[in-house]
Amino acid sequence: MLLYSLDLLGTAAFAASGAWAGIRRKMDLFGVLVLGVVTATGGGTLRDILLGDFPPFSFKDETYLYLSLAVALAVFFLHRRLEFLRHPLLYFDAVGLGTFVVIGTSKALAFGLGPLGAILMGVTTATAGGVVRDVLANQVPLILRREVYASACAIGGLLLVVLHALAVSPPLAALAAAFTVTALRLLAIRNAWALPRAPQ
Amino acid sequence: MLLYSLDLLGTAAFAASGAWAGIRRKMDLFGVLVLGVVTATGGGTLRDILLGDFPPFSFKDETYLYLSLAVALAVFFLHRRLEFLRHPLLYFDAVGLGTFVVIGTSKALAFGLGPLGAILMGVTTATAGGVVRDVLANQVPLILRREVYASACAIGGLLLVVLHALAVSPPLAALAAAFTVTALRLLAIRNAWALPRAPQ
Amino acid sequence: MLLYSLDLLGTAAFAASGAWAGIRRKMDLFGVLVLGVVTATGGGTLRDILLGDFPPFSFKDETYLYLSLAVALAVFFLHRRLEFLRHPLLYFDAVGLGTFVVIGTSKALAFGLGPLGAILMGVTTATAGGVVRDVLANQVPLILRREVYASACAIGGLLLVVLHALAVSPPLAALAAAFTVTALRLLAIRNAWALPRAPQ
């Protein structure tokens, strides 16, 4: 129940970030809706395709599609009045990130994937929507450049896999992993952390 | 039978538009063939992946692959002599659009998807090939910018879902939906209709 | 056994080429790892999705993921000292190309695909990882522009399909096809072969 609420909160935050990206790139109404929906549901959909779980979650329970469409629509028409939400959105996004990692990694473990595969599924769930958003907007994906975002997800996924191997109770493990991702991401924003580039 | 003919006509029109895009971007022979095939079969292939129907239609009946390859090859070698086809191509494209929406939405309903998912599958079938074409050509996809194209597909998909819920006879519903998409698209071309952008 | 060794050699070569592309585009550590893994495993993963074989090979046997991560990590930290490998890398890449084509085409035939579909699956296995690498780096994919790369794969796939139809013993057919791809690719590098562009 708590997980479902956080999942919807994260979905809404991701949809808003996608819609804003579309507006910045001067897309029309349809483009903004597509970017909102793809950013919010793309990661989990790709995860389900890779796991062979059809139809993907976004088509099984249409709540996610309706929610992302509604959020993208609101951002399209009211984005100037919603400007005050830009900053808090970063926090909601961080909460969504932690939730998506836990959902993705847990599901991959339940489907019998190995530890590395399960971590990658958590990272994919949390980040692939944003990658597709940036590819459609014709930009090098943000997370491949210079920010602690996907690496926070990888650390959370790793923690969950370790706790799972230690037979820690699943709700506790999920909580610890989600909290870790969200906390790392918030610290990264506050302190402008960045990953190194290759020595030149 | 009529549906199959229209489907092949649409496939050929989409393959030609993909091949022309490749030539404009100065791609080599292989690139032009890839863009032709991907534009023509990419949408239906993605739809079948999302529905979990393997192998996708394009690999079940290789007619679509041979047809797109042949069209792309002809455009590659004869594109100057085929220049007179550029304008009519827009009409064939519009007919393909209506056909693809009806095929995609009907198949999604048959696979048990909900109304919103079914509409999205119709839109995906008709537009995802063009999106991949533009991503490969390193451009923001045309349909996300400023044209009534995907929105005509969404309206046709919605109409089909409503007629299906009202238990209208399937062939009649399909005809009405396909006609609506094609007519909207042709009107949009003639009148240079465009969707609004977000208020700045 | 030989095939598995060549497969791992090709995987390592592809991972290195992906990691180098990430460094050139000034990506951070995470971006370089993603480009390495995606370039090395993306083609086979897309092939398995299209064939409906879940989970894809890269998640069934995690060796490929660990190997690509290790290679990308090494390139990230040591790329200046590994500069002497840049030239030999082209040869390993050519060997990987031949191996991937044979694996992809054979698997597609085993899954009952038709001849054209099987050839396309061989080409996809060998080239889709590089296409995704270039799309993520925001460039028109190299293989769509001006080089004999994917076309060497298509010729090898065609040869394998023909030998299969003639009931030539599978190991012999595989060897002949892989050798053809690798030899064509090496000749293309040495002689700077390129495919034609469309007559303007």
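Which chain is which? They are A, B and C, in the order written, and residues in each are numbered from 1.
Rule of thumb we're sticking to: a contact is a pair of C-beta atoms (placed from the backbone, for glycine too) under 8 Å apart; a residue touches a chain by one contact, two chains touch by 3 or more.
Predicted model only: the values in this text are computed from it and were never measured.
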item	value
Starting at chain A, fewest touch steps before arriving at chain C	1
Chain A onto chain B, rotation angle from CA fit, given as a multiple of 5 degrees	120
Numbering shared by both copies at the chain C-chain B contact, with half separating same from different	different
Centroid distance [mean C-alpha coordinates] between chain C and chain B, Å	30
Where chain C touches two or more other chains, by residue	49, 52, 135, 138
Interface residues, chain B side, partner chain A - complex	49-52, 111, 113-117, 120, 131, 135, 138-141, 143-147, 150-151, 154, 194-199
In the complex with chain A, residue positions of chain C that touch it	22-23, 25-32, 34-35, 45, 49, 52, 54-56, 58-59, 62, 65-66, 69, 76-77, 79-80, 135-138
